[in-house]
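A, B, C and D are the chain letters, set down in written order, and residue numbers restart from 1 in every chain.
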């Protein structure tokens, strides 16, 4: 690495170190710490290992994630005293239902998406990175991006330019905070968690416009404005489609409560129209093809992402995929009954299976659809989707008033 | 390596003050750091670079249809992590010069190369980009792109078969594998 | 350029075109050759627009397919040939009418046909660049195919030698 | 070497609510070509094409080579369509040399030419897919293209550049296994074309993106002198294969498609139908082909008569014509190529002005503008 000669180099170096910490700390060190240090202590605290056979039962590891099986009053469980146990907020935010879990899942989804798309196109897809079917492809991309030069364009507004990935990551992470993934695995419980999630979704257009403006690039600028148009015109149908779910759930704005209200029937059946509207609007929110208008690569080179390099670009992409994960899990919670399902499969597994299916449905249209045009997209949003979601609100009200649900 | 450093230390100005023991320690520490941190990191960075070469969408001439065939289903270069055509040059690390570079294109090619972030690699595809090919006597064609950008791998052929281009990607991977991290 | 002898008999349409041309314009045109499907006439630059208008309005040649500029250093002239085609004219789709005019190399100026045939726009621009021609009335004769910093004589002139070739090669 | 400070390159010019954007030459939607567009809101108000990034001076180079030596170089001008750029050149050279080629060679030229048409159309279709953001529509035609590349490889001996239709006939005769392989390929690809139509071209989003976009009315299409698919999509049933039949196209039974919608969708459909018709022609050629020699006697330094020849054929992108002036020596005095891409370029600013920014790639590529061919 060249010697530091000016402040710009210094700032870049510092930024690189921050990225390293941000990525390496939650993704490598914390899981290692929990697996090799916390986990054995937890297991030995909660179960009498001596009474068991000498063979290590690895299924016990699953109980680490189940707080009900742990005894917080146990004096030997000093991990929980230190605030580092599996029930501690730090663990939840950084590792399991939080950022690391979502990031790992997202990077696997990137690989899965490329592989799935390749199969649809008579190709093989990533094959050599990671020996087994290119399973480490997104990690190869990650490490390459980590070791790449960060370029800040001369005319760009450096402060805003560099703050965009952090803001996006923060917003996506905040979205994860209110989404419970099983009755016992959640980061934060709130009676208004659905409302909070929708409020956080409102941040994204501001960030994209900021990115487009700060890049000082015409393609970025047009892309940012397009993103603003798209997200604002799709936020309203999204909220109204969620409204009918809230009515069906008896006015509960708590995602836990909504899932519990679906014990008899999944809401996708009475609120099918709302589910379709939510699906389309969520796809527009995460800019998936056919709604990838803000980053349409044949018109605007890469849209609002044009000037972003190396890990800055990587973090933005990761944040977008985390947002995809968050929206698919919202879909699962709102319409597919969350973690509810027949007994032998645990609740967490049910949730993950459903979410992966929803993500696949989000990904697949990329294979057989061209991109739509901005005016067509906005027309679709304002004319059809709002009408459809209102129709579903009436259906929900009627169902609720007649006492059928 | 350690012995050499001891020699150097002894002959240097600080030799009398430090003594040999400390300098051996320093040498050892350097070696340990080299083995424990720098080498794995180099490996990791190079492994990432090998399997994630994103080419710039820069078509200079007719070889681009063979590049299209390489990303097509029969030759599928995504197996090596090479995307078909990437959007912005800011995120790319590979320039494949698809054939002839004319005098009008040459400054643009250099400009594009300069805008890309380090590390970046260049493959000269086709006879035209190596020597000018059948356009050796043309008034508007550069006799070789290495006048404009540094080239890592040359692929002969007019146009090269897709297998040759994939071979060039593999040669480039070999080259990256031997690189020291910057 | 001497006209090669026609191998086969001309058909009805070619004869009609030749007759119409000679009756309308009389001695101002010279027929260079008339082969099946191909007729070439030579006019002077002054009459070019008039002949082209006549070809469009009376003979139904509604588009220009090609413009060729050729340098003849022996005659110190540059020949510009417009190849006109027809879509709407009955039975004319197979016929190409070439209108040629010669301008002196020293002052290579001739009127542009862009008012008559909008399709000559880029063809004329290309030939103007390649041979240093000046098409009077053309809205934009700026650099087209050559690099912006081209600093030599126009390349299609015979006086321009390719850099990779020796004299007489 | 320097880049001039033209509009749209350096300045962030925001005046009168207009924004000048430079598209290309490094742009996923432009290829080896550049045009500057001025946008007002989402509407393009001005478009200025700037070709010449692949201008290699092939016309000048032909003056230094004899008639046979120029062929490989001219071929590179249009790599998706090599036989169709060589064939009019060879026909003009034959006219000037005064030789007649054997009928079997004409049939072989037709087979190769139609094969090239399919290759070019499939490449066109693939890029149209990627320009509309449809990656599967890129991969499928690219994969099926390989089958026809294999056919060309059997007949011509190379993957893309065959130098097949040389003056005096063709380079080699048909190998034995060609016919069986070709029929197999056609049977497979005819089924695939049905799939394409169903999956790609009946997609509602595709229809929304292409119907009513980039309308070029019949009258304007004729006066602008556009050729090929652009002309036929504008409701003109014009094709050099019918207008001025060369080789044996007079004896062939095929249709020339035309649509009266005059839009991008019509241009897409014309490509699709033409591929089907090309296969029909190739089947007929394989059946009707007589036996005999495939090349007339010709010396490499064949002298020509003094005179000129203007030949044209229907290439994959439209009418391709060669104007060769000869001074009686072994080298041509002047070769002028009138390529379909250059003739269609004139329609680009006309169609772009007034359309949406998002329609720009769709319109641009629907004209089948191949910059390498246009710049020569």
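One rule holds for everything that comes next: contacts are C-beta pairs under 8 Å (C-beta built on N, C-alpha and C of every residue); 3 or more make two chains touch, one makes a residue touch a chain.
These figures come from a predicted structure and were not determined experimentally.
Q: Going by the average position of its CA atoms, which chain sits the greatest distance from chain B?
A: C
Q: Pick out whichever of the two, B-D or B-C, is joined by more C-beta pairs in contact.
A: B-D
Q: If you average the CA atoms of chain B and of chain C, how many Å lie between those two points?
A: Computed value for the inter-centroid distance: 51 Å.
Q: If you average the CA atoms of chain B and of chain D, how far apart do the two points sit, in angstrom?
A: It comes to 35 Å between the two C-alpha centres.
Q: Measuring from the mean C-alpha position of chain C to the mean C-alpha position of chain D, what distance in angstrom results?
A: Comparing mean C-alpha positions, chain D is 24 Å from chain C.
Q: For chain A and chain D, let me know how many angstrom lie between their CA-based centres, rounded off.
A: Taking the mean C-alpha position of each chain, the two centres sit 46 Å apart.
Q: For chain C, write out the residues touching at least two other chains, lowest number first.
A: Residues 146-149, 155, 160, 162, 165 of chain C each touch two or more of the other chains.
Q: Would you mind listing the residues of chain B that make contact with two or more other chains?
A: As it turns out, chain B has residues touching two or more other chains at 73, 87, 89, 102-104, 137-140.
Q: Residue numbers in chain D touching 2 or more other chains?
A: Touching at least two other chains: 1-3, 27-28, 52, 55, 57, 60-61, 64, 130, 135, 139-140, 143.
Q: Can the chain contact pattern be summarised as a line, a ring, a star, a complete graph, or none of these (other)?
A: Chain contacts: none of line, ring, star or complete; other.
Q: According to the definition of touch, which chains form touching pairs?
A: A-B, A-D, B-C, B-D, C-D
Q: Could you pull out which chain D residues touch chain A in their complex?
A: Going by the criterion above, the answer is residues 12, 19, 21, 27-29, 39, 42, 129-137, 139-140, 143, 199, 203, 205-206, 208-209, 356-361.
Q: Could you please specify the touching residues of chain B with respect to chain C in the complex?
A: Those in contact with chain C are residues 102-104, 136-140.
Q: Help me check something: in the complex, which residues belonging to chain D touch chain C?
A: 1-4, 51-52, 55, 57, 59-61, 64, 222-225, 231, 236, 238, 243-244, 305-308, 310, 312, 319, 321, 323, 325, 333-334, 336, 338, 342-343, 345-346, 375-376
Q: For the complex, which residues does chain B have touching chain D?
A: Touch residues, chain B against chain D: 56-66, 68-69, 71-74, 84-87, 89, 100, 102-108, 111-112, 133-135, 137-141, 158-159, 161.
Q: With touch defined as at the start, can you tell me which chain A residues reach chain B in the complex?
A: Chain A reaches chain B through residues 1, 114, 118, 121-129, 134, 136-137, 139-151, 295, 297, 301-302, 305-310, 313.
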